[in-house]
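To keep things simple, chains are lettered A, B, C and D as they appear, and every chain counts its residues starting from 1.
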Amino acid sequence: MQRLKSWEGILLALFLMTFAGNVVLAPEFLTVQNQVNLFQLSIEKIIVALVMTLIILNAEIDLSVASVMGLSACAFGYMVTQGWPAGGAVVICLGVGLVAGLINAVLIARAGIPSLVVTLAMLIGFRGFARVLVKDQSMGNFPDWFTHLGQDPLVGPLPLALILFVVLLVGLGVLLHRTGFGRQIVVIGTNAEVARFSGLNVARVKTTLFVMSGFVSALAGLLYAARLGSVRGDAASGFELDIITMVLMGGVSIFGGKGTMPGVFLSILIILNLRNGMALTNITGHIQTGVIGILLIASVLIPNLASDLRARRAKAV
Amino acid sequence: MAVLELQNVSKSFAATAALKDMNLAIEPGEIHAIVGENGAGKSTLIKIMTGVHQPDAGQIRVEGAAVAVRSTQEAQSLGIAAIYQEPMVFPDLDVAENIFISNRAEGAFMNWKRIYAAAARLIEQLGVTLDVRRAASGLTLAEQQTVEIARALSLNVKVLIMDEPTASLSAHEVARLLKIARALKAKGVAVIYISHRLDEIFEVADRVTVIRDGQHISTKPIAEVTPDGLVKDMVGRAVDTHAVKTAANPHGPAVLRLENLGRAGVFSGIGFDLSAGEVLCFAGLVGARRTDVALALFGIAPATEGRILIDGAEATIRTPQEAMARGIAYVSEDRRKLGLAMTLPIYANISLASLKKLLGGLGLIDRGAEIAMAETYRTQLAIKSPDVRVEVGKLSGGNQQKVMLAKWLETKPRILIFDEPTRGVDVGAKAEVHNIIRQLASEGVAVLVISSDLPEVLALADRVLVMREGAQAGILDIAEATQERVIGLAAGREARVA
Amino acid sequence: MMQIFGKIHPQTLRLIALFVALLATVLFFSTQIDSYLSPRMFTRITTSAAVILPIAVGQALVVMTRNIDLSIGSTVGVVAYLTGEFLAAHGDLSPLLVALLALGIGAAMGAVNGVLVAYGRVPSIIVTLGTLALYRSFLVQYSDAKTITTASLPQWLVDLPQVNAFSVLGLEVRVTVVLGLSAAVVMGLALTRLRAARRIYAVGSNPDAALMAGINAARVVFVAFVLSGALAGLSGLIFLAKFGNITVVAGLGFELKAVAAVVVGGVSILGGSGSMIGVVIGCVLVDTIDNSLTRWDLVSEFWRDALLGMLIMAAVTVDTFASRSLRRLGAQKGAQ
Amino acid sequence: EAKPGQAVNMVLLPKFLGVAVFDQADRGAQEAAKELGNTGTYQYEGPTPENSAAGQIEMLTTATTQKQGVVMISNNAGDQIAPTAEAAQKAGTKVVTWDSPIPSGKGESLFVAQVDFGSIGTVMADMVYDEAGGKGEFAVLSASPDAANQNAWIDAMKKVLASDAKYKDLKLDDVVYGNDQSEESYNRALGLVDKYPNLKVIMAPTTVGIVAAAKAMQDEKLCDKVKVSGLGLPAEMVSYTMNGCAPEFALWSFVDLGYLTYYTSYMLATGSLKGEIGEEFKAGRMGTMKIDADPGRPGAKRVLMGPFTVYNKDNVEAAAK
């Protein structure tokens, strides 16, 4: 607990530092448009990161999220191109996400195959189905209301996706930290056998989480389609690593049981601000990626080294 | 000259001072017992000797020379090895390899033939039947303990430390272990022996050291101490360690009735009636499958034959949820793996099995009520911790046990199954646990206790069910249950009693 | 039948099951694809599996210690590039030294991971996610958009992929295949014979117990990562020889291929168990499926990934259920 | 006519960094910048290979925020970048594509085309014709299924094949994708050989694919039977052309393309070019250029650079230097 609190403290300091740095170094940083863009550019990732937080806390992982996003986006593209009403397509795509999540859930929670294995195979498989649907096409020509929702502000300067993000952030944060279900997630993540022996329905919690992940990923896929106005077979591909990075840097233990939603939120803010700041100051893509890689490692390494140092100093006294 | 000596050793974990200025000298060829309450610092002391922890201050000397023990390997090369309180096996390796994996004397290449032969010999020496080619994954706690003992024996040690080696053993195996300890002593090995069972200590030890709150209280030859004196040293005051047996009501209507219950290939033919307010103890040798009966009742590994009746109505129990819905609680014997979420705070563990009760509107947990409830148990069970927000993993073994008890008490069960409820619990706390069990019974809870500790069985039970090799060897009324008869039934020397 | 099963070790049974799956796959495709069972197909699959095999072996070692190495794809790219660059300047370097150079660069990169995981106590998935990005960024930065081309490489290296080590029954076994296989064989022998290597299983099986039993768990994990890096170096070298053309995308995505091969090969992702024979079969199985799907007229190009994912999932599911019922069988046997 | 010496901030955005041809374009752009005496800034920036599409969208957005004058982009995101490009235009940042356009043409001021996509089709067909000796089976090894320019070229080639009786004896067996990865392209090339025993030519309109295919044929000693052709870099292809595995391939000058792109963009941003169909302008050393309608993309405008260089034994060594 102590460590966790101080951890979020570090994240907060880091965020304030990047934020201040950006304000000083990049004159365009504080404009409303840039602040909205900063979130919009990664909006699908950060939405899915919120659910991924629950899954990693539960000592599982979902590598298939980006492929489900792609599948849902491509299914939407396919249906619209086939002349289906877009509203119906949206509902069906969300259903596709539910089904994809359910497939993962059954294999993980009922058949007991490790989630890393299942979702790795599904990372390939779901992406494959996306390609089956759109082949080598780019599918667009979505109705205006749909692209409008993805690209234009809905309330004040805020687009729909950003509002959804905030709602999910608060909702899932409360779910995780204040409800019985959230407690179950954490206990199972700490020790699933203990949870089972305490009468918790482990399989049901895991099933719920993976179905939730499938659903939210499908939703994110639709947001992606709406934001970009068209889809291809590679829509959202490779997003899973960015998403996992966001969660892990937020202090969520990859072994489950440890981590908080505020931590992940701060980590998201740091990563987005860093990327945006570096981009505005003309630091190119691969350096950004490298910096975030280093930050990810350092975020765990430095507290470890510090505690070693403290222990050594305590002994010397 | 002392083979191992600690001088002014101190060790703190964050705010907890586990050891304060500790001095201790172990002579070669002695069996040196260490006793103390839960959380007194015994395991910490051991872990400093074996290099798991580093002392904050003080010095370790081996045969007079100051040494730094920075890791378990270094301890091993200094001739110090330990059997830890919590068994540590490698589930994916087979038994033989578990024993020899860290044995440096064995050379760079695996000579499998020799390893299997040597492992079989060691296991035999311990008087246990265990296939050395079997993977360690399915071993019972006692079997794991056996593997650990064999591992320590395989090393050529000068000092062998046993941290509560008998906590999960029954009388039979205990006797064998004590024999081994004496044999080692005869070879000039110093044995450090930690146990909460004072009878064992009086049986085997040459000297006994008492520690309390991380401090050294006394070291005396065994002849100069009495059990009551030891307890007084440990606790700092005189305590009554005998549970008061309140009058029970063993002949009311049966709350729980088993008819010919069995699970294919595991156990069979278990049948008894259990009334509200009655305490039924399961006795038997290690591996008699008592735990499996409990697991069947609790829905973890459901029964495949026979019937379970609750309040006279047949009940199917296939999951723990179903068992709990019928008012059954099961306090597991393996608190590390099955009982407690070690990295979560005390309060979260206590509320775990009864979370529903704490949910307010919108399914939100009432934090205040949760903490208050945990605080109640902390006071009531004397859990030694400043605060219920402390991680359970940071408590001593005995205090962890109490947290686990609290978790199940809070579910307000009608049928409560205790599996080795006082494993690793100190004498004082043990009396408390016994009192709690009797108290529950007197409040009308039907209690099942699985215990390998015969004196405990005899102190608690209204009736004793003895199991042998997955079958019911007999049920004894407490009046007819004597140590000899129970052991006789358990070992198969006495004919079955109806 | 039951009795025979009872006598064989569950792990062995699992390997047999895996092998049967491979055979079934080959048989199935031989009914679907003309002249499938040909020496040529053998060469195709073996040479393409040879590139992945070393990293799969390295990945298996790391996974056995209950860790994961996601950086190997980037390591392969960097090694291929740096080795190629060095050879462009020093074309007369002896093959042995070239191999040592590649292994050395890989090992150094693995050592960085190893230090951070074993001594910095940072979870491996975090470290290697980080270095996955970092090593690739380094390559982009360092290469400065220059490509290594066959023209700048010594002829022996360019020709290496087409050199036959030996032939059996008319099947050609290429040198690269021997290289890849030797990695698996050496590690496989070590894992069954060497006490030091057995510690890999011990550490993965129960890290706390390893510590208590006097095993230097940190060093074991460190060494596993160094080996994984070195083997990625070997893959990098084979990659360089095979493709000659090295750009910044070299090895991109290889980590997933390695993990897939390891997982299909029956190495437990939770550490502590698995065998090199399994890894070899897993690697060949994944590659066979992939290669065969591209030649199967019935499935279009666009169905390939979908089928590959489903088949991997099917293989893993069957394996899980098979080994679980085998274990139950074994447990019952033990109980009797 | 360009008016040199004005200040326009310009960004050249390749598909991703670390690829030789894009660096050549950068060189060309820098040459133009010097010639035009642009007092504004010039940046050459790109995403990482694994993050190409999303990275490009992000960088275009950033450039818009920075109020860059022109972003010159070799688009790898397909139509997915269109909304971002439209937003950029609206905010006053011009978007000029080169090498690979925005398929729908939305949000794009102009496309600087390396060559006429239709004529690429002809050249590809002709190279197949030559290498196959006028008749036989061939297959295409492309980049990714979503690569807009490759797809356009393949379509153009199919049209040419169908429209001229000269090609009636050529049979296109299959189109496969190596995703611009050596490993995959290599395996796909071998897969083609196995699947189609009578295959004579592999046409790979991608610089990664063509080298991988050539190496695969060389390694499997198939160069006598199966020839490789397509679009390649002389430096990467020289050994295969000399040893006969890939006797003929084509490419245009990326230095020139970068130069022309910069030149055109500068003129567009400074107002010396309106960007309307029919406009003619003098683009430095490239001579007189003209904006016309893009025949492949209705409503889109292009500046056509041209021409090809077809490389063979005679000229490849000189070009490789």
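Criterion: a residue touches a chain if its C-beta (ideal position, glycine included) is under 8 Å from a C-beta of that chain, and two chains touch if they have at least 3 such contacts.
All of these numbers come straight from a predicted model, not from anything done at the bench.
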From chain C, which chain is the farthest off, judged by mean CA positions?
B
Check A-C against A-B and say which one is joined by more contacting C-beta pairs.
A-C
Taking each chain's centre as its mean C-alpha position, how far apart are chain A and chain C in Å?
29
If you average the CA atoms of chain B and of chain D, how many Å lie between those two points?
73
CA centroids of chain A and chain B: separation to the nearest Å works out as 43
Whole-angstrom distance, CA centroid of chain C to CA centroid of chain D, is 35
At least two partner chains per residue is the criterion; list those residues in chain D.
16-18, 48, 50, 145, 177
Please set out, as single numbers or ranges, the residues of chain C touching at least two other chains.
136-137, 140, 302
At least two partner chains per residue is the criterion; list those residues in chain A.
131, 135-136, 233, 286, 289
Could you draw the chains as nodes, link the ones that touch, and say if you get a line, ring, star, complete or other?
other
Chain pairs in touch?
A-B, A-C, A-D, B-C, C-D
Which residues of chain B touch chain C in their complex?
50, 52, 71-73, 75-76, 81-82, 84, 88-93, 97, 101-102, 106-110, 131, 134, 138, 151, 265-266
Chain C-facing residues of chain A, complex:
107, 111-114, 116-118, 120-129, 131-132, 135-136, 233, 241, 244-245, 248, 253-255, 286-287, 289-290, 292-294, 296-297, 300-301, 304-305
Seen from chain C, its contact residues with chain A in the complex are 116, 120-123, 125-127, 129-134, 136-138, 140-141, 256, 259-260, 263, 269-270, 302-310, 312-313, 316-317, 320-321, 324
Interface with chain B, chain A side, in the complex: residues 1-2, 174, 178-181, 183-184, 186-187, 190-191, 193-201, 257-258, 314-315
Could you pull out which chain D residues touch chain C in their complex?
16-20, 22-23, 48-50, 145, 175-177, 180-183, 186-188, 190-191, 194-195, 197, 208, 211-212, 215, 218-221, 233, 235-236, 238-240, 320
